[in-house]
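Shared between the two complexes below is chain A, which pairs with chain B and chain C, respectively.
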Partner chain A sequence: MSDFIVLFLAVLLALLIKPFAEKHAQAIWSGISSIHFVQRNGVVLSAYLIFSVLAWAIFMIILPQLYMVDFSFRHNLPFNEVGGPGDTWTLDNYQYLLFGREGDTEAMNWLHLKVFFKTILVSALVTLFDLAICYPIAYYMGQVAVGGKARLMFLCLLIPFWVNEILRAFAFRILFGTSGVINSVLIGTGVIDEGIDFLRADVGLYAGLSYAYILLMIFPLYNAIESLDHNQVEAARDLGSPWWRIHLRVVVPHAKPGIASGSTMVFMLTAGALAAPQILGGPSSLWFTQIIYDWFFTGLNWPQGSAYAFVLLATCIVFVMTIMRIFNVRFGEIAK
Partner chain B sequence: MNSKNVMRLMVGFYIVLFFGYLFGPLIMMGAAAFNESPFPQVSPWEGFTMKWFGQLAQDEQMIEGITNSLVIGVGVVSLSVPISLAAAIMIGQIYERVRPYYYVIVVSPVLTPGVILGISTLVFWDRLGVLAEAEYESIFYDGMFLTIVGQSTFISAYCMLVFMARLQRFDRTQEEAALDLGATHVQVFWKILVPFLRPAIFSAAVLAFLTSFENYNTTVFTIQAESTLTTVLAGKVRMGTQPDLSALAVIIITITLIGAVTYEIVRRREMAREEAAREEAMRADQQIDKTITAKPLAASA
Partner chain C sequence: MSADVELDHVTIRFGDFTAVDDANLRIEEGEFFSFLGPSGCGKTTILRAVSGFLDPTEGEVRIGGRNMRGIGPNKRPTALIFQNLALFPLMSVADNIAFGLEVRGISKFERRKRADELLNLIALPEQAEKLVTALSGGQRQRVAIARALAVEPEVLLLDEPLSALDLKLRQHMRTELRAIQRRVGITFIYITHDQGEALTMSDRIAVMSQGIIQQVGDGSAIYNDPATAFVASFVGENNPFHGHVTDADDQRAVIDTKFGRLQGRNHQGLSAGDKAILFVRPEALSLANGAAADGNTIESVVVNQEFEGQFVKVYLAGEGPKPIGLSMTNDGSASLPEVGETVRVGFDPERATMLPVGELADE
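Moving on, here comes the complex of A and B:
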């Protein structure tokens, strides 16, 4: 029924507009083509540019995010009650993350909060670890290695980067499983007598997470360090600076945008990782994204899941802003 | 001198260690694909076999997942390449004062966790579907469509960065020259800008396809009843472990290797050609300069 009304109104509107449009076609046309942007690109191209960018920015980036936030403030209603009198805004979903359901034995929802803080803490540690092990390699590739050697190393780095995230996690399962390579080696050499359950102890997960996004740390670092003029390092050395001070005073300040960019990417991807925790997490351990996933597909409570997702997003935004403040870089330098 | 050698040895050792960390797990996984053992493991080695590859070819679920992934990949390329091209061109033309805000908006998907992009796409189209009172079979709930849209959200941003890097080196005077000589705007676009951007279009398309093909975080939320290669894989890996997964990994790594090397070679050749063209142009320039400066001299003599 409503479809019919909409169609009817559309036809009516078109009929009303038609004489007006015909009468003023010339004026409208010249109005459009006198805009500077249209003059510069021509009508067809302008339409393509504006349409694509608006479609992307509004319907794929802004509105979905807003809808997700809006949804996180709503009740979990059955399909036929959406838009009804019960469809009001509520803080319940956020309250649940903090305090749990009313009548729970504990005052706070520690089950979920612990997972949340663990996710953030471990992501930050993984980021630091990746930064520490990538810096020497990036420095070597950017400043020490020359020509073909650096290019070969670069190519070698690209290959694991394109191997599927899930297969990378699977590889760690083969390494760390109870009958995995590491256990066999340890037993074989007599270090231990019985296999250690690395997966239950989360060792596999942490190793897998550090491995998964390591290349997003090394590429920005390499790009930043590579652009440093090696003469600056030489000059510092000639003036008697020890190697650690050269790095602290010359290389690191120059590589700031790269460090910021790499750290942001690694943190964001680690905190938002889903495959690695699903595959490498022990039976009792959880990652925050797994709880979100469960709200959507096991708990069938989408508003609750949206609320958790928004908390994760807000955390990532805070992290990006903190990094920008610490390293004193602009947004454009991070997202390169 | 001796301490320098020790230093070099340590650096070499570190590099070997690093690449060992990078490739070790992949090599172990690859080796497991050829082990006779019914579990994906390297030790104990129970003999060489190729049977896991055969088993893989009969896995219908996997085949369906791969087919869907290919379709989605093509969809993402055809959606995100035009969008990102437009977005990159826009960035040079937008008002100076609006530019930083515009940039933050279009780059933000790169810095947003994939799960959140998936969730927001799913929720948004679900809400739209409710508003439009759409049928359950309609496009609003279609896993393939949602996945293409969801993935394109951030893949467009990646591609835009590729185009921006290329556009920075674009000489606008070429465009103006063509317009002065009477070309239309559309002609300028197709005959000057697009040929100039062709390597970037190629790069962006490859990047978009590969990123789409291996995406899991966004896809797992938007795909719903359908399946892609990554969701099938994740399901299998979580359920239990069979060596045919290692076999698949070997295939994927091989394809990746060939793809990466070819892409690298093509890119290098392109760069070398460009370099040669630039040198040629410079030499021609100098030649012209010489003749211009030589002529008056000859005339006066």
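Moving on, here comes the complex of A and C:
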């Protein structure tokens, strides 16, 4: 029935617009073609560009996210009560993350809050770790290696990432398991007598998370460092600078946008990772995304899951903005 | 404060390629010394060996008598001014100039004082807080000089620093560089492919080609008395006449060319039968009027004429596709030959140089 109405209204609208469009066709046409963007790209291409960008932004990003925001402020109602008198706005879902249910023994919902803070903290540490590993490699590829060598290194970095994330995570399980490769080697060479449970100690998780998005650190860093005129490094050296000061005063300031953009991506993706924690997390460790996942699929409580997801998103954004402010990176720079 | 630089049998190879072949010379302290040559001749490689970015494959680089092998650029008493200047774009002018002092752990106050002194020296006071990107080309040039001078080097190395400037500014900076060198009194080693720069600024010049130092001397020696065919053809314009030496003593030699027998100075000890080239500069040639010519003359057809104001260039058909150039002062006295006319030109043998055949510089 409602489909019919929509169709009817559309036809009506078209009929109403038609005489106007016919009368002013010339004016509309010349108006469109006088826009600089249209002149440069042609009518078809510019229509496609505008339409696709708008469609992407509105239908794929803004609308679903708005739905989720809306969800997060509603009660988890059975299907037949949706739209009924009980379907009102509420802050319960957010409150739950902070304080838990009424009548809980503790005043705060420490179980979830601890996981939440641990997720943020560990993500930050993983980001720092990736930065520390990638900076020398990126510097080598961007400033020291010539031609073929840098390309070869690129390939070596890139090819492992053809393997999908889940397989890579399982590979780490095999590596870090109690009877895994590392333990076998250590026991075999007599370094230790009994296998170490790396997974229970979360070593596997941290290693897996650091590995998962490391390319997103390398590439922006490489791009930034590669664009530095090597003469500046030599000039600093010629003026008597030791290597660490060259990095501190010349290379790092130049690479700051790359560091910012790589760190932002790694941090955001690590905080939102699901596969690695699911597969590599120890029996007692949880990642905040796993709680969110459980709300959606085990608890079937979408409003609660949405609220948790939004808290994570908002915290990550605030965190990244704060760090960028501290290190004096302008927002536009990370898109360079 | 200043030191001499010695190259002792310096050879530098990159794989099979010999960039510098057995270079030997001594640059005196306080001298303005230039390496002049076309790109790829090895002059920048020598500069990098003096500054410490590479060590010679064989031989020694000595600064102030000390062998520099294994001593990095940050430990040598040299400062290098890069071709593209390589100023730090994210630092202010003062921070750029004071960078070398910052490295040496000198206090902020001292650094600033020294930077201000240097800004006065390069006539850029009150620009200290600006970003270097806000300066003009000539100003940046001067900041680069100040940054290098700030570390009080004993030798200042300059790698074609003027090549990015426009002609007017380049000529102005030549004078200025020379003035700064006189004021600070340290050794300057200047790399250039521009002979005008080398001739106007330098106390002495080394002309290089294909890794070999062809000649070392002051500007007038290089121009008036070239030692090799390359130097004769690279520095200034020159007209080559190929042939065999028919007669020679230690002052003069006679060469049999396509235009007949010609005479010139024989400073390179050629003897009869040698293959040789006689070089005659365009300004040494003049119209030999009538039949009064004494034998050292060429007869050829005028193929082109260019009016340059102070000078008029007349081109005659040469021995090959390249015409013979003749530069006449525009003093109104001489009547200019027409294109197509056959003329006779002559020259003083003292102003013509006889040299063994060798590589010529391509134009």
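Everything below uses one rule, namely that the second predicted complex is superposed on the first by the 273 of 336 C-alpha atoms of A that agree within 3 Å, B and C clash if a C-alpha of one lies under 4 Å from a C-alpha of the other, contacts with A are read in each partner's own complex, and residues count from 1 in each chain.
In this section, a contact is a pair of C-beta atoms (placed from the backbone, for glycine too) under 8 Å apart; a residue touches a chain by one contact, two chains touch by 3 or more.
Remember, it's a predicted structure, so these values are computed and weren't measured experimentally.
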Problem - Fit or clash between chain C and chain B when superposed on chain A - result: fit
Exercise for the section: Could you tell me if A:Val320 is touching chain B, chain C, both of them or neither one (first, second, both, neither)? Expected result: first
Exercise for the section: Examine A:Phe117 and indicate which partner it touches, taking first as chain B and second as chain C; both and neither are also allowed. Expected result: neither
Handout entry: Which superposed partner A:Val53 touches (first chain B, second chain C, both, neither)
Key = first
Exercise for the section: Classify the contacts of A:His254 with the two partner chains as first (chain B alone), second (chain C alone), both, or neither. Expected result: second
Practice task
Kindly classify A:Phe8 by the partners it touches after superposition: chain B alone (first), chain C alone (second), both, or neither?
Solution key: neither
Practice task
Would you sort A:Glu234 into first (chain B), second (chain C), both or neither based on which partner it touches?
Solution key: second
Completion exercise
Comparing chain B and chain C in the superposed model, the one touching more of chain A is B
Exercise for the section: Check whether A:Arg245 is in contact with chain B, with chain C, with both or with neither, and answer first, second, both or neither. Expected result: second
Practice task
Tell me which partner A:Ile279 touches in the superposition: chain B (first), chain C (second), both or neither.
Solution key: first
Completion exercise
Shortest distance over all C-alpha pairs of chain B and chain C after overlay on A, integer Å, is 5
Fill in the blank from the handout: In chain A, both chain B and chain C touch residues none
Practice task
Could you please specify the touching residues of chain B with respect to chain A in the complex?
Solution key: 11, 14-15, 18-19, 21-26, 28-29, 32, 39-44, 82-83, 85-87, 89-90, 93, 100, 102-117, 119-124, 126-127, 130, 133, 149, 152-153, 156, 161, 184-186, 189, 210, 214, 216-217, 220-221, 230, 233-234, 237-238, 241, 245-246, 248-249, 252-253, 256-257, 259-261, 264
Handout entry: Contact set on chain C toward chain A in their complex
Key = 51-53, 72-75, 78-80, 82-84, 86-88, 90-91, 99-100, 102-104, 147-148, 151
Handout entry: Touch list for chain A against partner chain B, complex
Key = 2, 37, 40-42, 44-45, 48-49, 52-53, 55-57, 60-65, 67-68, 71, 79, 82-83, 133, 136-137, 140, 144, 153, 155-160, 162-175, 177, 179-181, 184-185, 188, 211, 214, 264-265, 268-269, 271-275, 278-279, 289, 292-293, 296, 302, 305-306, 309, 312-313, 316, 320, 331-332, 334-336
Problem - Parts of chain A lying in touch with chain C, wherever the complex brings them together - result: 229, 231-232, 234-242, 245, 249-250, 253-254
